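Order of writing sets the labels: A, B, C and D. Residues in every chain begin at 1.
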Amino acid sequence: MINKEGKVKIPSGCAITGIIDKNGNKFNGEDIIKSIALMHERSNGLGGGFAAYGIYPEYKDFYALHIFFDDFNIKIQTEDYIKKNFDIINSESIPTKKNPKIYDPPLIWRYFLNPKKDNIEKKEIDEKEFVFKCVMEINKNFKGAYIFSSGKNMGVFKGVGYPEDIGKFFLLDTYEAYIWTAHGRFPTNTPGWWGGAHPFTLLNWSVVHNGEISSYDANRRFVEMYGYICTLKTDTEVITFLFDMLIRKHNIPLKKAIKIVVAPFWDDIEKEIDPSLKKELKSIRSVYASALINGPFSIILGFEDGILALNDRIKLRPLVVATKDAKTYISSEESAIRVICNNPDKVWMPAGGEPIIALLKKEYR
Amino acid sequence: MSLNFNTPLFEIIRDKNKCIQCKVCVRQCANEVHWYSSYENIVNSDNNKCVNCHRCVILCPTKAITIRKHRLEFRNNSNWTSNAIKEIQKQADTGGVLLSSMGNPNKLPIYWDKILLNASQVTNPSIDPLREPMETKVMIGRKPDKLKFNKQGDLITDMPPQIELNVPIMFSAMSYGSISKNAHEALARAATKLGICYNTGEGGLNKDFYKYGKNTIVQVASGRFGVYKDYLNAGVGIEIKIGQGAKPGIGGHLPGKKVGADVSVTRMIPIGSDAISPAPHHDIYSIEDLRQLIFALKETTNYSKPIFVKIAAVHNAAAIASGIVRAGADVVVVDGFRGGTGAAPTRVRDNVGIPIEFALASIDQRLREEGIRNSASLVISGSIRNSSDIVKAIALGADAVYIGSAALIAMGCHMCRSCSTGKCNWGIATQQYDLVKRLNPDIMYKRLVNLISAWNHEIQEMLGGMGINAVDSLRGNKLMLRGIDLNETELRILGIKYVGE
Amino acid sequence: MKYLIIGNSAAGVNAIEAIRRLDQQNNITVISEENYQIYGRPLISYYLSGKIKYKNMFSYKEKDFYTKKKANLLLNTKVNSINTKIKKIYTNDNLSLEYDKLLLATGSLPFIPCIKGLKQHIDNKKDSNVFTFLTFEDSLRLKNKIKKTSKVVVLGAGLIGLKVVEGLSGQVDNITVIDLSDRIMASVLNEIEANMVKSHIEKCGDNVFFKLKTGISEVRNDTLLLSNNTVIDYDILIVSVGVKPNVELAKNAGLKIGKGIIVNNYLQTSNKDVYAAGDCIEYEDLFSNNKKLYALWTNATRQGELAGYNMSGIKMKYSRYFAINAISFFGMNLLSAGITTGKDIHNYIIESSINTFHMISILNNKLVGFVLINCPNKRAGIYTTLINDGIDISTLDYDITTMKNIKFSIYPKKNRTKKMWQGAA
Amino acid sequence: MKKIYSFEDKCLGCKLCEVYCKTARSKSKNIIKANKEENIDSAIIVEKTNKDTHFALQCRHCTDAKCIKACISGAIFKDEIGIVRYDKEKCVSCLSCVLVCPFGAVRKSDFNSTVTKCDLCFSTGKPLCVSNCPNDAIKFLDEKEIDDRMEIVK
């Protein structure tokens, strides 16, 4: 029998793409589907998905949980747990459109939730940590239920199939977002499971990822020391956890977090002339040695204020960036950008370890 | 009493056609095995004295000498082996505790050999260390739980002291006294050249070697030999030695004949006096006592140096290690049951302690479960034989390894296990001037540098094969390991899967 | 600048080399009365014996030595006079040559004792059967003259005389050595040593006979009248009583002469542009502080070199010298240096047997001399250097008066390492 | 010019240099034959000191070589590199060279009337004593290299 995600570590290759409008102007999912569809060859039909930010303005103060259920039984059990911890503002089945290429979908539901203040106070933790713990609990202990999106005013749509089919399945042309990211999956050793598709998310973080990280178990055992439970055993999951841990839990600024996961080489640190910077880099590499992400990857990290695109330190995966007016495009292939933006202002390939950060302008956040 | 049960262990075979009577063997054997007969113009040998150290074999210019296991046998008996019989005869002869040198030689499983490594194929490119950076630097010392930055993005966390190692290998504690000054010089110079550390052992630090301080870890053991303020401040780290893999629970004894003028000054004991290290530290009878010593040392060195605590790998090593970390140690050193020694009671050496592989895996797991793995570095030792042992150790969770026997072998040790006689023909485990001279630090430090450089190349190759370009990403990365010929319990404790899984 | 060197043996040739080390440009002219390029003068007896072939006679320096050193060599040329005022010399070919710096390396001449009839026999060079033995020409002539049946008389049992004996031994029927002294090589050897050497020569030589304590009253054609009034026949008479410095030219030029040409520490004669070196000069003995004459190859090479340096402008003092002899007769090696007799000198005989002898002489805690017979492995150079450097032997690591095998480790560690690493500068 | 230098604090007195010197100077170049059958002198001498230490000594190839000055036949000469060499064909065995060598490094042969001295293995440029010293107590170094170390020798 072939193991699903969660039983065994699955390596995979992929296509990624992402768009942000820094002015916060929203646009529907047609462009992102077009872009990811161009890279059809980079997927094998075993997974595709999208993350969109700004899609639930009417519920923007509530946690939007997207959940896959294997059956109604588990749905009821899970809802019981949710009800104990949250006030359910709204819940509904996520609208989909039948597509012959998409089969055996699970039950796909979304909930807009407000955590119960009493419960948070009982645990003496902040709200986000409370939600994080609930998500961990459900994903670990409620077999057949899987939360694949848990942020505010954002959502993930993913499943087994080619990404363009998934996009149409989820009617993404009906959603408006200022950030879109997408992923087409090429797993090498899995039947494909809806939960295993990208993006992977936690709270407001979403990650689409191309590559395979060879530091996986070092990273996993590191984040697990801080309360994370890697249920999926995928690289993307551990990357998401790393960012969540560094930025949310350890309060580390994004730019420093980047220095942790794609740490500068020791040789370059030795050459650094600014003593305080040198000390900082050495400290980063000492304390967060196990958070270094190794192996080939390109990722797009989405969050409420923008996106971060990043390559591994020696650029073993493709990554292209383009800008046009207020929009920034990031993709595995330049053609996937040109298909939706035929006259960009600027196109370039960032170097290994060189982060691309595209943020909403302050006034639009 | 003339009755002597001793029989030769080895047989020296000299090819008469090749022997040119140059007498190099005669001059070079400190055990006086060879002697020249001018009457016959031949060189003769006395098998009884031979310890099979190969000095004569290596130096004989015509390679006329070979040494073999002596053919004398006892009647076959799987229970009463010749070794068992000889040990009884020896004890009946002397009435003493049997002493042995170097590590446990018995045929017990070597778990390194039952663990196999991974490599990338297709989905993940392997990295060529000849073309791409390949980092093997590690930082040894306590790490804070997290780094804090102020609003301007400046780092405001004060880092505890760290030791930078260019290669995750150090030379383990071998005292001046048990080994020669020249051996120490070679280790110190090699460590300096390589950007790693060597350890003084418990014999103090010779004045001539203070200059290698940046690459020195000084040891404080139960005998407290040569310990004073300058000594504690001389290196980059201090190691409290609680135990040693070769003889857990046992102290040490340097015979007075090895305490010459220089050793005496360095150890701060009278010339010719026996240097006895008690089994326990007489000020450490519990974990809280250890904490006091750790902080006493930190106070003395103004919190500028990581404090190592070294224990032997024993049954509940994981719990002990956790206690050591909580007692404030910055580095935990665990020495496995194959670790070497100048001299140990044979029964202890061969029967006490556990394999380092298990101690390591269980300590690493325990510290992670307690969320304190980052609070201390974990260094292991005890018969690391090659670079793949090191890669496996790091993947099982070690930050670095100590090597002792391997370093000695690089300097000429042939594992004849006669260290305690003080007549080491290779100038290592001896204080006899003419023998010490045979270890030329100029040559031997280069051999050590060669060895570690070679191992580093190999580590880099293996890392690259796994698609990793920094050793940081190997640490605790048990997915890179698979077990073979191991049962479920062994796999569980090691935390690795079986091959093919 | 013009350099002129009179004499083309050890001193002259080494002067050329020294000058050329410092001065590549200026003219050097060398004048020799002989008809050959430089040869090792002591080799003439080996040529006589046949041990050295003609071609190897001239291997002291390579064939193109003079060309390489850009030195103009005038052979067969005798200098008649020197005018130091106008710095010119005049030769027998009516040639006059100018010089700026002149070196007299005229060497020595055979000493001819005042014996009735001797001088006229020697002067009658071409067909004479009376020889001196100092030049290759002498050796060539003698070798031509001898026959298996020749009866040879050697006058003088000194070094030259005995080397002639060795050279002729086996080639002629009978050799008689006549000397006034009671022992052979009286100036070098004491009685014991002399006897040891003499019996070795008698044993190894073919029909060699010694007539010591014997004088000659008259030299006649083919016979000698001895001082005891007996007469002996000779086919060949070789006069090898000794040598004397060749100072005639210097004397006529008005230079100061003592036993030999007088020079200062820089080998300058009484005229500042005229230098002298080699057998023709007298110089200070290391031990006696007396002016002495030593006709020794080793000393001549050193002096020639120093003279060369000083002539080309570098001031270099010459060290004091002492006698130093390496001689072998019929395979018996005799090495000696310094002095072995004198006030307060204590001799230590370290080894002595029928044909070996090893003795060193100490004066005021310093080694002043030694004799080694048939002990060639005794590394005698270490002794020689102890004498030369005036080392206080109490500072050495070993007591050399009892050491059978002298070795370099006599020097304390610091000294020996430095010496070894530096070598002789 | 490169010369052989001996380091007393490293020398073990094993005398392997002598064995290899004889081999280098042999006809057969076969270590066993050279040392067993051919009568060959070693040009390198291992000396024992009064402190029971050892050092090896051989011709120092002096700048101002006294042996050359003393030689009457041109058998000892300095070659173009500066190596003091010996040509036994020209030698008349007068031993003048032995008499003046300050190191006793020019010796008469134990076996014949020739003289034994080190020629730095000039034909190969790789002195065998150096390459076979087990403790690097004999090194083939440029004179300039030794100047720096001279300071250490006090």
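Everything below uses one rule, namely that contacts are C-beta pairs under 8 Å (C-beta built on N, C-alpha and C of every residue); 3 or more make two chains touch, one makes a residue touch a chain.
This one's a predicted model, so the numbers in the text were calculated from it and none came from an experiment.
**Student:** Tally the contacting C-beta pairs at the C-D interface and at the B-D interface, and name the larger one.
**Tutor:** Most C-beta pairs in contact, of the two: C-D.
**Student:** Would you identify the chain whose C-alpha centroid lies closest to the centroid of all protein C-alpha atoms displayed?
**Tutor:** Ranked by how close its C-alpha centre lies to the overall one, first comes B.
**Student:** I'd like to verify one number: the distance from the centre of subunit B to the centre of subunit C, where each centre is the average of its C-alpha atoms, in whole angstrom.
**Tutor:** Here subunit B and subunit C have centroids separated by 71 Å.
**Student:** If you average the CA atoms of subunit C and of subunit D, how far apart do the two points sit, in angstrom?
**Tutor:** 29
**Student:** Could you tell me the distance, in whole angstrom, between the mean C-alpha positions of subunit A and subunit C?
**Tutor:** 104
**Student:** Using Cα averages as centroids, what's the distance between subunit B and subunit D in whole Å?
**Tutor:** The computed centroid separation for subunit B versus subunit D comes out at 43 Å.
**Student:** In subunit A, which residues are in touch with two or more of the other chains?
**Tutor:** If we look for residues of subunit A contacting two or more partner chains, we find none.
**Student:** Would you give the residues of subunit D that are in contact with at least 2 other chains, written as numbers and ranges?
**Tutor:** In subunit D, no residue touches at least two other chains, as defined above.
**Student:** Can you work out from the touch definition every pair of chains that touches here?
**Tutor:** Taking the chains two at a time, the touching pairs are A-B, B-D, C-D.
**Student:** Looking at the complex, which residues from subunit A come into contact with subunit B?
**Tutor:** 9, 11-13, 188, 211-212, 214-219, 221-222, 224-226, 249-253, 255-256, 263, 265-267, 276, 279-280, 282-290, 292-296, 313-314, 316
**Student:** Which bits of subunit B are touching subunit A when the two form their complex?
**Tutor:** Spelled out, the residues of subunit B in touch with subunit A are 120, 122-125, 127, 132-133, 135, 137-139, 141, 143-144, 146-149, 153-155, 157, 159, 162, 368, 371, 373-374, 466-470, 472-480.
**Student:** Spell out the residues on subunit D that touch subunit C in their complex, using ranges where they run on.
**Tutor:** Touching subunit C: residues 3, 5-6, 8, 45, 47-51, 55, 57, 60-66, 69-75, 87, 89-90, 92-108, 110, 113, 146, 149-150, 153-154 of subunit D.
**Student:** Which stretch or stretches of subunit C touch subunit D in the complex?
**Tutor:** 14, 40-43, 46, 51-52, 56, 59-61, 297-298, 301-302, 305, 324-328, 331, 333, 335, 337, 376-377, 379-382, 384-385, 397-398, 406-409, 413-414, 416-425
**Student:** Under the definition above, what is the set of subunit D residues touching subunit B in their complex?
**Tutor:** 9-16, 18-20, 31-32, 35-36, 52, 132, 134-137
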